[in-house]
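Here chain A shows up in two complexes: once beside chain B, once beside chain C.
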Partner chain A sequence: MRTMTPKCKRHSSMILKSCKLHKFVLAYTRGANNSGAGGLGCEILKNLALSGFKDIHVIDMDTIDVSNLNRQFLFRASDVGKPKATVAASFVMSRVKDVTITPYYGAIQDKDQEYYMQFKLVICGLDSVEARRWINATLVDMVDIDNPESLKPLIDGGTEGFKGQSRVILPTLTSCYECSLDMLTPQTAVPLCTLATIPRQPAHCVEWASILEWPRVFEDKKLDNDDPEHVQWIYEQALHRAQEFNISGVTYSLTQGVIKNIIPAIASTNAIIAASCCNEALKIATGANPYLNNYMMYIGNEGVYTHTFEHEKKDDCPVCGNLATDFAVDPEWTLEEFIDRLKEQPEVQIKKPTLVTERRRLYYQGPPQLNEQTRPNLEKKMRDLVDNREEIAITDPGLPFSLRLNVIFS
Partner chain B sequence: MLKIWSMKQQQQAASAAEGGQKKKKVTAAQLRAQKDLSELSLPPTIRMHMPDPEDILNFTLTIEPDEGMYKCGSFNFTFAINSNFPHEPPKVKCTQKIYHPNIDLDGNVCLNILREDWKPVLNLNAVIVGLQFLFLEPNPSDPLNKEAAEDLRLTRENFKRNVKNSMNGGYVKNVQFERVLK
Partner chain C sequence: MASSPPSGSPSSKEKKYDRQLRLWGANGQNRLERAHIALFGATATGCEVLKNLILPSIGRFTVIDDKLVEQADLGVNFFLDQDSLGKPRAERAAALLGELNPDVAGGFRIDNLESILSNTPGLLDPRTTEFTHLLLMSPIPTPLLLQLPAEIPIFFVHSLGFITSLRIYAPTHTIIEIHPDSLVDLRLFNPWPELSEFALEKTSTLDVPESEGGMGDHEHGHIPYVLLLLKYLEDWKQSHQGHLPGSYSEKTLFKSMIMDRMRTGVPGGIEENYVEAVNAVMGDLRTAELSSGTKEVLNDPECQSITSQTDEFWIIARAVKDFAGSNNALLPLSGAMPDMKAESRGYVALQNLYRAKAYSDAAAVERIVRDYMNRVQHPKRNQIDRDAIQLFCRHSNFLRRLNYRSIADEFSNSNEQHKGVVLGALGDWDVESSLIHHYIALRAYQEFYTGHGRAPGDTSHESCEEDYQEIRRIICEYLKGIGYPESLPERCEKVAKEIVRAGGGELHVTASLAGGIVAQEVIKIITRQYVPINNTVIFDGIGSRTQTFEL
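Moving on to the complex of A and B:
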C-alpha cells in the first residue's frame, strides 16, 4: 500500500528539489558510544542530506567518545565530549547547501506524539531493543483512522559486526517491531554462580565486578557506565579478581566493552545498512520505485549475502495486533454491569477479566491485595471511573494476550 | 446573542480538543505484568504485597516453606519489573541476609530462569515457583554462597544444623545471619 502519491518519476534528485520536501525525515543516531549505531546515524544523515532531503531532525542522547572517531566521520578529535546530534548537524549543514538539520541532544522518549506528528517518516539507527520498542509502539499508537497523515513509515536499521538489517514498517499496516520480537537471539548471559565462584574468562571478572561487587560496596549508588571513575573502579576490581583466578586479558577497554555491552562496529557494515535505509526513505518519499517489503537482512561474514522477505504481522501482537475497538458504554452503568455486558459479547470469550486504564486500575481478579483494593470499583458508575474515549485494557485467562476497548459514552 | 454564540463555539472547540486527543495507552510491559499477576495461583505458603498499589511493576514476595530444611522460615524478596519486560526477566533480590547455597549474603539469587535461561514465554508464576523450589531443594552444584554449598555437599546433617542456626539469627562460621523465623 502506497502512502504517498508519486509526483514525478524520472529523476529523483530533480524531484526532490522541485518538490521542496518539508519536514521529511527524522533520523536518530543514538548510541554510537555503545554499539555503533551512531555510526549508522552519521551515514544516514550524510546520505539523506546528499539525496536532497531538506528538513531533517536528528536526535541523539550521547556525546562523542574518542573511540567513535574511526568510523563516525562527522566528528573530529576536537569534538570529543560534545553532543553527537549537535556536531553532526552543523557539520553536514556546513558541507551540504540548503539543508536544515535540527539537532536534539536527548532521548527519543523525551518527545511526545505531537512532536513526531510533524514528520513524514522516521528513520532509526538505534542501539537498544528498548528504544526500538518505544518508538515502534509510539508510531503505532499515533495512527488515527480519520487522519491519513498520522501514519508515519518507520525505517529501522541495525548492525552487529558483519551483519545488519534494514526494514520498513508501516505502523498498523505491516509487521511492526514488536511482531518480530521473538526473532531476537536472546542475550547470552553467564550464570550468576559462575561469576561468583569459578570465572573462566576475563569478561566473567568484569561482570562479577559490575553485577555483584559494585552493588555490594556501593549499596545505593548506581553504576554509571559513562563515568570514567566508575569504569576505572570496575576495571581495578576485575583485574584483581582475574589475577586471583589466573586469568589474563582484563584491560580497561575490555571492561568498558563488557559493561556497556559494546558490539564491535564495522564501518562498512554501517555504510551498507545506512545506504539501504536511505534508499527506502527516498523511494517512500518520492514514489520513484516500490519500497522494501519489508525486511532485508545482510550477512557479510563470508562474501556478501542478503535476503529479503516479508515478515508477517502477528495477529496477537501486543502493540499492533489488537488495536482498540470502540465499545458503546452507558455512563450510568456500574463497572460490574459493564463487565457483565462484556461477558455477553460472543466475539470475546471473557470469563474472569482484569481491567485497567493507563491512569487507574479498574478491577483485578488477583492477587488478593489488588482484588480487595479494586473490588469497591465494581459498584461505581462508569462515568466516575473512565472518560469518554479512554482506552480500557483487558486481560483474561481466556485471551492469549489482551483486548483494548475505546469507551464511547452513549 | 453574539456572545452566547462565541461561547458555544469555544465550548465546542474545547470538547473537540478533549475528545480528539487520544488518551495514553497501557504499555506492553504493564499489560503483560497485569496478565501474569492477575492469573497467579499462589499456594498458601506464598504471599505477595505491593508497597505502592499504584505500581504493579514493583512488589515484594514472602515465602514461608511448609516442608524441607527451611520450614518455619519467612523469606522476603523484592521484584522489580522494567519496561522491557518480558524481553528481560524481572530483577529479584532477597532482602534478608540468609544462609543458602544459591543466595549470597547481599541477596542476589542464582536461579537459571532469572538470568541465562529466561525466555519471554516464561511468566511470573514460573519465577515464583522457581524461588520456592530453591528452599525445598537447595542446589550445591550452582553455588552463589560457596561456603554454604560446600557444607551441603559434605554433610547434609551439618548443613541442616547451620540452616537452623542461621534462621534463628545465629552465627555460621563467624557470619551472623538475620532471624527469619515466622
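Moving on to the complex of A and C:
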C-alpha cells in the first residue's frame, strides 16, 4: 500500500504527477427515466479535474432544463437548451488549469468497445437501468484474460432524495451491475381495470389520463412528457376525472411526478455520492489506500447512516456468471403468459424479448416474416414448446447480451 | 413563494426548485429562504458546503476569511480561479459562489472569528446578529469555539486528507416532519364509534351467500380490507370473551379465520381484498402506542408550564398531551389511509371517515391551544395557525426533540456522558471498525492547533516525527483523563499518523464529500424536516464508512 508523504501539503499536485498519462472517461447520460444524473456528472467532472486527472471524456445525451439548476452547478439560466456535456466540459476547463475534457453529446451506446478500450476507468452517474446494464455488459465483455489492460474498473453512483449509493465493479472479478439487479424495487403497475373503472388515488387519475385517455383521443400523436401543453392536457383530464370520483389531491406537480417518474434530487446528496465515486477512482488510480469493496449506501433521512458491504457475485449472473438461471414455469402457461411473467421479474427487466431454444424459434420480434411465423406460438402452452430443464436464450434490444434461463416446470 | 397561476401550471420558481420541493415542500423552502449563513473560512470544504446551500436557495450568505488567494488554493478549491491569485479569499469565493444562483444574496467580510469576537462582537450577539447559522471550518482554536453564542446553530467541520468530521451544536431542535415511510394509523384495535358503525353497516350481509340473499360476489370482492378486519375482529371478540387477537399465535388463528371466510368460487379463485386483509394482520393489528420520540416531546419540561414566552411548538405539544389524556391515551388521528382493493365510492367514503376524524381531533387540539394562549395572554393568541396545528396532529406520533451537548461540555474533561460515549465505543465488540479512533485523533489535532497555532505535519515545519509524538502524548493524556485503562489503541496511532501526514491539507474529493454531508445536515436543521445527527458524524474515506456519536 502506497501512502502520501508527510511533506506534501498539496496532495493534488502529487496525484497529478502519478496519473497524467491516464485517460479517464466519465459517462453520464439520461435515458428513459430521469433520476438527476446530470447532477452527479457535474460533481464528478469537477472532482476529477481537481484531483489531477488530465484527460477526461464526458458523454451525455441530454440538454439543460431549468429544473437542473437547483443542483447542476456548472449550468446557468442562459445555458438552458444547450447540451450538458459541452457546457460542463468548457466550464470546468475554464476554471481548472491543465485539464482536457472531451465532450460527446449523445448516448453511451453510440460508442464501441474500441472507444472504451482507451480509458483507464469508467465512472457512471447514469439515471437509467438500461444504460447501466449496457455499459456494465460492454465492460464485462471487453475483458480478455491475457490482457490485464482490458479490465476497466466501473464506478457507479446513484441518488434519490437524501439517499444514494456508490459502488466499484471490477468486470468479471467482482459482483457486476447485473448481479445486483434484484436489489431494485420492482415496478408495481396498477391494474388497468383499476385505472379504467375504479380509481381511488390521484395517481390513478393521472395514469388513466396518460395511459388510456391520451391514446384514445390522440391516436397518432405520442405523449411527450417534456411538452408543457401535453402535461397540461393530462393534468386537466386527470383533475376532471378526480372530481368525477370525489378524489382529492390531483395537482400539476403530482401529474408531472407520475408521468415523468420524477425522483427528488438535491445538490448535497449528489456531492456525497459523486465524491465517493471519485474518491474510489483516486484510490484505484494512485494505489494510495485500498478501494471500496464494493458497495456503499448512504442514508441521510434520519441521522447519517452508511452501510458498506461486499455485494456478492452471482454464479448464474447472465453477464458475468457461467450458469443459466433457473426459472420456475407452470407448464400450463401460454408462451405469452410466460413472457408477461418475465417482464415482471426485477432481475430480468425486458421489454421486447426474442426467445429461442436449441431446437426451435419460440418468438421473434422481427423481422416481419419471422415475427409472423412465430406469432402463433404465443397462444401455445409452454409444455408443448419446451421440455423441463430446457434452456431458453432471450435477447432484447435493450440488452447487449443474451439471457439464459433454465425452464423448471412446477 | 409565489402562488401558482390558476391554470395549475407551476411558477418559474417552482420549476427551478421542483426536484427539492418534492422533498421539503413550500414550508421547508420558505425556511431555507429566510436563512442567512455565515461561513468562517473560505476553504475548499467551506465553499463546497456553501455551494450545496446556495443552489437550493438559502436567503443570504456571508463569507468571512482574512487570507489572500495562493496557488495552493487553486489546486483544491473550485470557487477560486487564476484571476483570484493574490486577492482576498473571502471576496473571490463570495463572487464565484454568488454566480451559482441569482436568487441568493451574497456578501463577504475580510476578517476572522477571533477579531470579530473581540472587536465587533455585535456581529455574533444573538440580539443583534443577522446570521441564523454559522459554518466553521477547521482550524479554529478551541477557546474561540467556546465563546460562540448558545442561541445560534453551529456546524464545525474538519477535513484532513481522507478524513472529515462534523460537529453540530444547536439550541433544542424540534421536528414535526421527519418524513417517515408512512403516516398510516388505522386504529383497528381502537375504532371510534362512527368507524365501527360504518363497518357494521357495510358488512352486515358479508358472510351470507348470494343465493341466500347475501352480498353479491362483486361487492364482496371490493369491501375494503379495513372493514373486513373490523368486522372479523368483532366476530373474534364474541368468541373470545371480548379479547382481541394480540399474540402471534392468536393473530395466526385470526388469519386463518379470515381465509376461511374468503369466497373461492370466484374468477381467479381468490379475493384480493381478503388477501390484503390477511397481509395486514401482523403489521396493522396493534394497540396504539406512543413512539419514544413523541414521549420525549410530551414529557419535556417545556410542556409542563405554559407561559406567554412559550414557543408555539410546545403549546401545541401540551395541547396534544392534554388531548391524549382525555382520549384513552390516543393521539390525534393522522387520517392517512393506504390504497386498497375497493370500488371508488366505497374507498372514498372510508377515506372521508378517517379524514373527518383527523379533522375533528385537530379541531379539539386547536381549542386547547387557544385556551392556553388566552390564559397566558400569549402574544400570538390572535394568529393561531390552523394549518400548523393540523400538520402537528397528523405527525403527532413522529415528533422529535434533539438536545445538543454544548461544545464546552464536550471539551471539559469532567462530562460523564461524554466520557461514557467514548469509553463505550472503545469497549465495543467491533471497536476495530469503529471510527471513535478518528474522533480521538481529530480531537488531539484540535488541541495541537490550539496550542501551537499551526497544524501538525504542516510543510513549513520540518519535524513531522516530533509533531506525531506530541499528538500521541495528547491522545494518551485524553484517554487517561476519561479513565481509559489500557494503553494507546493501535488504530488511534494509525489515524494519528494519517492526520499528521495530511499536514492540515485538504483533498478536493474529501472536501466535496464533506460539503455534501454538512449541507444535508444544515438543510435538515434549517427546514426542521428530516432528522439531523446528534452531534458528531465522521467519514473515513479509506474505509468508505461513516459513524455518528453523541459526544
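As a working rule, the second predicted complex is superposed on the first by the 288 of 410 C-alpha atoms of A that agree within 3 Å, B and C clash if a C-alpha of one lies under 4 Å from a C-alpha of the other, contacts with A are read in each partner's own complex, and residues count from 1 in each chain.
FYI, contacts are C-beta pairs under 8 Å (C-beta built on N, C-alpha and C of every residue); 3 or more make two chains touch, one makes a residue touch a chain.
All figures in this text were calculated on a predicted structure; none of them were measured in a lab.
Once the two complexes are laid over each other on the shared chain, residue contacts for A:Gly81 go to neither chain B nor chain C. Counting the residues of chain A touched by each of chain B and chain C gives the higher count for C. Contacts of A:Pro346 after superposition: neither chain B nor chain C is touched. Looking at the shared chain after the overlay, A:Gly366 reaches chain B, while chain C stays out of its contact range. With both structures placed on the common chain, the touch criterion links A:Thr308 to chain C but leaves chain B unconnected. Within the superposed three-chain model, A:Val356 lies in touch with chain B and out of touch with chain C [touch as defined at top]. On chain A, the surface touched by chain B in one complex and the surface touched by chain C in the other have no residue in common. Residue ranges of chain B in contact with chain A, taken from their complex: 19, 22-28, 30-32, 34-35, 37-40, 42, 48-50, 53-54, 56, 83-84, 87, 102, 104, 106, 108-110, 112, 115-116, 118-120, 142-144, 146. Against chain A, in their complex, chain C makes its touches with residues 4, 7-10, 12, 14-23, 48, 51-52, 55-57, 72, 74-76, 78, 81-82, 99-102, 161-162, 178-179, 222, 339-340, 342-345, 347-348, 457-459, 464, 500-505, 507-510, 512-513, 515-517, 519-521, 523-524, 530-534, 537, 541-546, 548.
Of all residues in chain A, those touching chain B in their complex are 113, 129-130, 133-134, 137, 141, 144, 178, 181-182, 184, 186, 188-193, 196-197, 211-212, 215-216, 318-319, 324, 354, 356-359, 361, 364-367, 369-370, 373, 387-391, 393, 395, 397, 401-402, 404.
The part of chain A that touches chain C in the complex is made up of residues 3-13, 36, 43, 46-47, 50-51, 66-67, 69-71, 73, 76-77, 95-97, 161-162, 166, 198-201, 228, 232, 235-236, 239, 245-247, 251-253, 256-257, 262-276, 278-280, 282-283, 289-290, 292, 296, 298, 300-306, 308.
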